[in-house]
Structures are given as C-alpha cells and as structure tokens.
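Across the two complexes that follow, chain A remains constant while its partner is chain B and subsequently chain C.
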Partner chain A sequence: MSKQTQRKSMKYEKKEYKKTRTMEANWYLSSYNYKFNITHMQPFLKKMKQKKLIGNKCSGCNRVFYPPRLVCGECLVKPDRWVDIRETARVATYVIAYLKNEEGEVEERPLVLVQHDGCDTTSIAELAPGVDVKDTYIGLPVRAHWKDEPEGGLEDIEYYDLMEDDAEDLQ
Partner chain B sequence: MGRQVAITSAGFSEHASKRSDVSMPELVNEAIEDCLTKVPSVELDDIDAFVNGNMPAFEGSNLPELWMTDWMGARNKPLMRITTGGTTGGSVAIGGYYTVTAELPGIDTVLAVAFEQQSQGDTSVGLASVAYGEISILNSLGISYGQLNRLLSGGAAIGVAAYQATNYMSKSKITEEDLARVVVQNRRNAAKTWWAHLKMPDLTIEDVLDTPYIQYPLRYGMVCPASDGAVAMLFTTEEKAKDMCDIPVYVNGVASVANETAVLGYDGSGSAQVDPSAQIGAMKSAELAYSQAGISFPRKEIDYAEVYAPFPNQELMWDEKLGLFEETTAPEMYETGVTARDGELPVNCSGGVNSTNAIGASAMERPAVAALQIMGKASNQVPKTVHTSIGSGWGGSLNFITLMVMSDEPKRKWK
Partner chain C sequence: MDKVGIVGYNQVKLYSDANYGRYEMIFEAVRGALDNAGLKKKDITTVISATNDYYDGRTISNCFTVEVGGGYLADESKVEMDGAHAMLYGLMRILSGNHKLAVVWGGSMPSCYPYHSARLYETDPTWERPNAYVNDVTASGFQMRAYMDKYDIGAEYIANIAVKNRKNAAKNPLALEEAQNSNITVDEVLNSDAYSDPVTELMVAQPCDGVAAVLLAPERQALKITDKPVWISGVGWNQDTYYIGERDLSTCTSMELAAKQAYDMANINDAKNDIDVAELHEAYAHEEMIFTECLGLAEKGEARKLNTSIGGDLPINPSGGAMGGKPPCATGLIRVIEAVKQIRGEAGDYQVDGVNRAVATGQIGMCAQNNIVWVLEGGGE
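Take a look at the complex of A and B:
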C-alpha cells in the first residue's frame, strides 16, 4: 500500500529559468448566488420520501431521466410524463480511488456511476461499505439500499448493495 | 460560403511548469515573435485584427487581452477574446478563421493568440469554480460534499477522464501497458520538440507502470503536466498567403460541437451520456469538418493528426472517433508503429497534450503543429510529405469537441 501513496516523479529534461519579481495577491471566489429551477424535482423528492423511485420521460425522444431533468437537450421540450424506475441498477462506469480514511491509511475504494433499470441516465452512487474493488466491473448488478427514515433527498439511498448471484451454485 | 482562408505561420513560446522568467504578456510576445520571424515579409502593420484567448479563472487575472494589447501589437485594432474552457485554443483558431472568411472590409490578415501561465494561479480553484454550480445543486438535493469530493477525487479533469478510461479499456479489452505505450511515444516525441514541456527521451513502458495510481486506471506517469506557454497563428486570404510563404496551408473545414455533459448532468439530473467513451459529439464534429473539406475516407486522405488528449486512453479513443482508425483498433496501431513519426499515419509528433498542457493554448497548438507539418517547418518534422492534416480540441465535462482540417491545396469547389 505504501507504494500507492508515494508520489514518485519521473525524470525529465528540466531547464532553470531565472526569477523575475513576483507579487502575491488573492482572488476571492468564496460566495455565490447560483440560481436554478427545482420545480421539476418536487414530485420526485416526495416519492423518495416514500422509498419510491420515479423519473421523467421526454415525449420527443422517449428518454427517461433519473433524477428528473427540466428540459430535454435533444428535443428542447419539457419532459412531461412521470414513469416508474426500478430499485435495481447496473454499474455504468467506475474508477478506483485511493483515499485516506480516519486513521490516515490509504484505502482503495470503487467510485461508481449507476444506471437504474428503466431510465436512460447515470447517477452518482456509492457501493456498500466493504465491497471489494476486485468485484467491481461495468455491468455489475446492484440494488438501492434505503435509509431507515428517508427525508426526501438524494441521500435517501444510502448506498447500493450487491445483488445475490442466483447462478453461483452452478459454477 | 465565405472566402478561402490560409495559415501562413505558427509560433510557440518555450513551455515549462514555471516560466518564472517572464510575465504573462512577455510569454505571449515570445510566441508572436516566433510566429512572425517565420514570415519575414509580414510587419505588425500588416496584421488587421486579433483574436485572443485563455482561461482567466486559472490564473486569477481578468481581461488579460486588454492589458497586454501593446505586447501583441494590437493597439487601435479590432481585438476579440474567446474563452471556452479546454477548447479555448481550438475556438480561438476557429475564431481567426471566421474573422478572415467573413470578408469584413479591411480585414485580411488576423493573428490568433492563445496562452496560459498556470503557475500564476491555482488551476484547481479555477476548475472548481467551473463545476461549482452543479456541485452546489447536488449538495442542496442531499448529496454531501464529502461524497462529491470523493466522486471527483482524482482532481480536475482526471476525475471525469478516469471514468472514460475504464469504459474504453473494457470495450477494447486493452491493458495498462497499451496506455503506457502511448505515453512513451508522446514523451519521446516531446524530447525532439524544442518548445515541449515533459521531454523524456529514454522513457520506457516499465517506467510509466512503476508510478502509483492517481485514480485507477490512470497513473501519475500517464497524465499531462500543467504548463506555462503560448502559441500564435497567422490567418490570411488565399491571395496574400502566396506572397507570405512558400507553402500556405489552407483551412478546409472547421467544426465545434457540444454534446451532453458526462458524469455530472444538468442541474442535478442524471447524465444521458451513459458511456463517456461513446463520444457522439466527436463523431459529429468529424462528420461536419470532413464534409466541408470533401474528405470521404479520413483514414486514407489524412496524412498527419494532432489529437488533443491529456490522457493516453483519450488519444486512443479520439483517434477512432475522429475516423482515423476503426473502432477498438487504435492500440494495435501504436504497437505496430503506424502512429510513429516515420509511420503510415503519424499522430502527435509534438508530444501532444500528454507532454505539454498550457490549458488555454493546448487546443490551438494542435492545429498549429498540424499546419507546420504541412509546411515542413515543424520541430519534429515527419519524413513523409504531409498533404492533409487535422488538429482537434476537447473541453468541458467530456462534451466539447473542436476540429480543424488543413490541406496544402484549397478547398475543392462542389457544385
């Protein structure tokens, strides 16, 4: 594991440049008032509170967005129908991150985007703690794991559990 | 259609991680000087207008085009800035093309300049400010900052490119060795290019694979550096170009295409780019630019390609998406030496973005090098004669693509 934390730089032909005067200054980017519309999110968040998943469907291209989208970029119309989304999903893409845990040790963790069955989009997700990075692959089937008491927000799905492999005993 | 546009020269500044010896205007001036010395008959008075671009958020100094006017020789002349993120350089080059082709009265010769002095500011703060809107929306919908940080933990562009790498690798069934091979070709090419940043003449695949992961599947040894540097290109009309240089390079097709963002969707919604390596936008831009240039068989008709790829998986992917190779065959081409300097279709002989990345300038360095290869004046010149070449650009959350197609003969007239 130590090899993964070690920052080793590769040799390259460097040229030394002499320094001119440098002035230090700050550019503050700390405060924003970013406006965005979430009216299309309200029914979705209400359903989340009941542990149900819905997405909105564009009548132009029949794509289903989860979480819902205000405007379909392809058709320039507002998706106007609500449809059911399954709790099951597949890992659409993943990477492995090397992050420090509370004890300061570097942990390998898979970071994933999942595509729920019944929708055409990927969403940000976390796999259940303890999932081995070696078990992660594109197309891995997973199932949403709900919080005990959902509050109506994207964090109501705490993480995604691996699904049982029904064919395991046949291998 | 507008009139035919030609490139007569292109110039570079030296690139390094910290150009502490020059200020931003001086850096830009270096590139302009290199550009104009290649066309001795052109004086500053002959340049009618200027296009200028960088990403001001990365350096923390606003409106640079205004206070470096005199350093570019742009006083009392039309001047326009273009800023489009990673594709800034590509957009600036296309802006230069548009300015000439538009036949504006009195504007024939245009100097396009793109630059970045990243050591002046904090690039990660600049990039964070770009994604800040999306991230705060997701946070307001209940996703903790901790999880969002983890999601993009590779930092900046690697955070999204690594997802793309996993997809591409599983699709084309390649190993990390194939990625490292691309890096080795680029860095060795960079060693022969005078202005490049990471010059590693003796790099081997083992050296690259020996470095730790930033985020699987990308290792430290595979990712682009952050450079200071500038590039300049001279655009003019067909008639004037013939007096300026021996082999004018004609711009026969340009395209700038935006597709949907990958990884992060709009305003907290999901992203419909389920496979970030599908790159429908890139294929669309290739289709547009090639049809303008009258190219029907890119693999046969293009002699040289400069592909904007900070990460090796992207170089392989875009080679395919821009029509240079069949799907999933690019890794093989690197193995058999087709893309080498003396190969059948050389790619990125300047070392590419993988070796030198001054963000605002990078996407313009691609068409600049591709043009110089046609003129025969490139730093790491390919031995064969180049008739047609392309230079591409990439930006945004894997969704913007710019492309310029250049040739040594003017556009064929279709009736």
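Take a look at the complex of A and C:
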C-alpha cells in the first residue's frame, strides 16, 4: 500500500449500511448410495459368525490386514491369502471422547485403536463400559468381547475387555 | 516442449449400474494400465486423479482412492474436472523433470447418485437457481436451439450425429450396452422422449459408471517402456464465462481458443488436412457439430456436410464418443485413450485406416464452458 492510499484509507469512515444479503438455498444431494464390494469380505464375515477372526495377507509385502482390505496399496495387488489372527490385541493409541448421557451429564469414554496379535493394521474400537479413562494406556492388552449371538458383521465384537498385563519391563 | 509420451492406457467396460464397487473399478483401471505397459507399482512416481467430492459422496475424495489409484506413499494430487484436464496436470508434472511415470486416472459412478440433479447445484444461487430449472440438460437446450437457428439447421442433422455415434458404439466392446445400437434411425432419435425440447433422450450422452487411466512418461523412459509410444504434440485449454447469458451459444469460444493454442503448439495450419481422426467429448449430439466447427474441421455452420463416419472424409468419434457412455470425470480421458488406440492401430472393429495424428477433447461445465484439446501423434523415434 502506498503512503497516499494509506492516508486515504485512514480517513475513510465506516458507514453503517448493509452490504450483503444472505439467501437460503439447498446444498445437498437427496441421496447417495455407497456401493462397495462384498465378495472379498465373505470368508471374513463367515468366520466372525463362528467367533473367529481372520485377516487377509498380501503376498507382495507379507502384511496382514484386519479388517480385510480389497487392495494392498504398497504393492497395488489384491491380498490373496487368509490367515488366522488372535482375539487378543493391544491398544495402539487412544483418544478420550466426551459424550453426553441421557441425563445430560458429560461422560469420558476412551476410544481406542487396537492391533490384534498376528496382524499389521489396527481397527477402531471401544473398551468395555465402566473402564476408567485413567486405566487406558498405549500397549494395554485387551481381548475381543463377542456378542452372544454373532450375526456375521463387524458389530459382532461389542467391545474389548481388559486383560491382565503380564509384560515385564526390560531390565 | 520436451517430448512426453503416452505409454499405457486402460478403460473399464462402461455400465449403467456396475455390479462392483467404485474402489475395485478404480483398481481395475489403474492396474490394467500398468499391465498394459508392463510396469509395477514401484515405477509410479506421480499420480493425478480426476474425481469430484459430490460424485464420490466424500469430502476430499482422493483420500479414499489412494491405494487403488496407485497413490500409496507417492506424489499424489487431484483435479476436480474432466480426466482430460487431469492429464494436463500430469503432463506438467512430467515436464517439471522430476518424474519418470505419471498415472492419470479419472472416473465416477453415477449409479450411486442422481447426476442431473447434482448438476442443478452448478448454477448460480442468486440469479439462476431460484427462478429457473437450469441444469446441464436444459442449458444444452438453449445451446442446441441457438445453433440450429443461427445456421438454419434442422433437428434431423443433429439426430444424425446421435445415429452415427450409437452405431459406432455398437462396434466398441467397452461402450455402454444401452447406447449400442446398430439399427438406430434418425426418426427413432427424434421421436425418443423429450428431455428438454429440442433435446431428446437419444441425443444425450448417458452418464454411466466407468474409470479410465493413462500413463505418461518423458521421452527417454517412454522409449524404454514401449516401442509404440504416442507423443503429445500440442495441448490447449480455455475457460469461458460462468454466465450462460454472456456467451454466444451458437458456437463455443473456449473450444476455438483451446484449439488455436493446441494447433500452434503442434504446428498445425490446416486442421482439416492435418488431422486424421477426432475423438470429441460431446455431452449432446449438437455439441459434436459445434466442436467440429470450432476445431476448424469444418466451416461455421457446415459441420452437417462433413462425412464423419468411420470410412468418411474425417472420422469423428469412431468409438461412439461420449454418446457411447459418459462416465463423469472419465469421458475426456477415454477420448484421449481412443485417439491413442487409433494411432497405435489397436481400435479393432472401429479402426480408421492410416491414422498418424489425432485430436481428442475434454470438457466441463454448462454448455461446455471449459474445453481442453489434445493433439497426439504416432512415430516411435
């Protein structure tokens, strides 16, 4: 800004009048149908129904994905093998969410990323109700808590129960 | 400009309601393009996609297409326009000298959302949206009538373009099945349902599910990868005003200027004789005639006299063009691929004899607001 303009703009008095007008309009699509593949999920969902966990493995990089993935991005190929993974897992990282309950009180709930033993990826999960936020830490051992009657879906694992941490610190 | 070659390509079969997810469709297109050139994921140095948040049902939608599009831990970016525009970004990436292989892919899946309704929201919220039902189809009606009136052209000439393209599409195994019709007549086109008079259903390129991908490489790499590279000898692009009311709809100024830029770069003085085949992104039958004139392939108002069939004076859209299926964000890129196929002699039943130089166009916006023109040439050395 030149000095002259600056001087001019300093003299400028702000007038009180409306310069804009807003109008209500829509900005939405009436609907969106998300289409996704299910064929590569079928063996996984079948096993879930039997309270068993499997992940798929990429033969290019040997990584195991849980939940199963359609494509390994690193190798740009489809993972082609199924491997069993265990229902025990460790908390990879966590965040504290604040949720209002029915009485309007704010509750603290940890939301966790768990890594099952035997796989290379983590999944988003919740810890058992009643777990104190202060008890959550990275590396916390947990175990999948199944629904009584699994239906073959990701919701079959309701939440994760805490396990006793028998890991010893390295001397 | 340094030489940049198209070294691989792939397009998936077009469907009105594909029996597989968008994620897998992208994978099929990109993986197929790499296989076409005999390359691996490791060879990719940059990835440019053409998609649209609105069409993908996700915000910043290239977040989700990373793995299947080849962008995993790679230099990756997105263009929210036609795939032919994404190729421009890919070309610039290669010309920067930092990249050895660019993957350019584009596509969408309109079986998941109402395409023509979505395009209502392309219009201006203060001037156009409240008082008129203006979307891509009605806007094209303005355009078609303006063109017909200016040069005194009957609707049968425009229907004729739809007939030619739908017949050509019947020879293209990747075209949309609903668009393929080898027995279609001008009367059928004229008597099909009115979309917005004078535009009838069969004059409209049907939005459909599809993804396409091309691979670009600088000269040295291109010659290592394939003995049949297709070279980019010219490109031009131009944006017209947003307001339809400010444009002369009987022509397409942005296409004219884009063509001039591309021809200057490719040293083309006489487009009619220098170009062997054209693949145009005509969203509506009449747009093919307007584009033909703006590209200098016919005089103004004379496009109807040009024989543009596969064996004709100057074949236009031998693959069926956008009329053979218009996957949003992929159509322009498919035009480029079809031009490449013609130059490499890989077009099968719709191959035009002796093609060495082809032009391909892409467009975006109401009444083809923004256009891009590619001039491609063969010749291995």
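FYI, the second predicted complex is superposed on the first by the 143 of 171 C-alpha atoms of A that agree within 3 Å, B and C clash if a C-alpha of one lies under 4 Å from a C-alpha of the other, contacts with A are read in each partner's own complex, and residues count from 1 in each chain.
We take it that a residue touches a chain if its C-beta (ideal position, glycine included) is under 8 Å from a C-beta of that chain, and two chains touch if they have at least 3 such contacts.
None of these values were measured; they are calculated from a predicted model.
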Counting only touches as set out at the top, which of chain B and chain C does A:158 meet: first, second, both, neither? neither
In the overlaid three-chain picture, which partner chain does A:126 touch, first (chain B) or second (chain C), both, or neither? first
Answer with first, second, both or neither: which of chain B and chain C does A:87 touch in the superposed model? neither
Have a look at where A:67 lands relative to chain B and chain C in the superposition and call it first, second, both or neither. first
Among the partners chain B and chain C, which is in contact with a greater number of residues of chain A? B
In the superposed arrangement, which partner chain does A:98 touch: chain B (first), chain C (second), both, or neither? first
Looking at the overlay, what does A:36 touch: chain B (first), chain C (second), both, or neither? both
Quick check on the superposed pair: does A:27 touch chain B, chain C, both, or neither? Answer first, second, both or neither. both
Now for A:75: first (chain B), second (chain C), both, or neither, which partner does it touch? second
After overlaying the two complexes on chain A, where does the chain B footprint on chain A coincide with the chain C footprint? 25, 27, 29, 32, 34, 36-37, 69-70, 73
Under the touch definition given earlier, write down the residues of chain C that touch chain A in their complex. 18, 20-24, 27, 30-31, 34, 40-41, 54, 57, 66-68, 70-73, 109, 111-114, 117-118, 121, 125-126, 129-130
Which of the residues in chain B come into contact with chain A in the complex? 14, 16, 18-23, 60, 121, 125, 129, 132-133, 136-138, 140-144, 147-148, 150-151, 153-154, 162-167, 170, 187, 191, 198-201, 203, 207-208, 210-217, 220-221, 260, 263, 265-276
Complex contact set, residues of chain A against chain B: 3-15, 17-20, 22, 25, 27, 29, 32, 34, 36-38, 41, 45, 63, 65-70, 73, 92-99, 108-109, 111, 113, 115, 119-124, 126, 133, 137-138, 151, 153-156
Inside the complex, what are the residues of chain A that reach chain C? 23, 25, 27, 29-37, 69-78
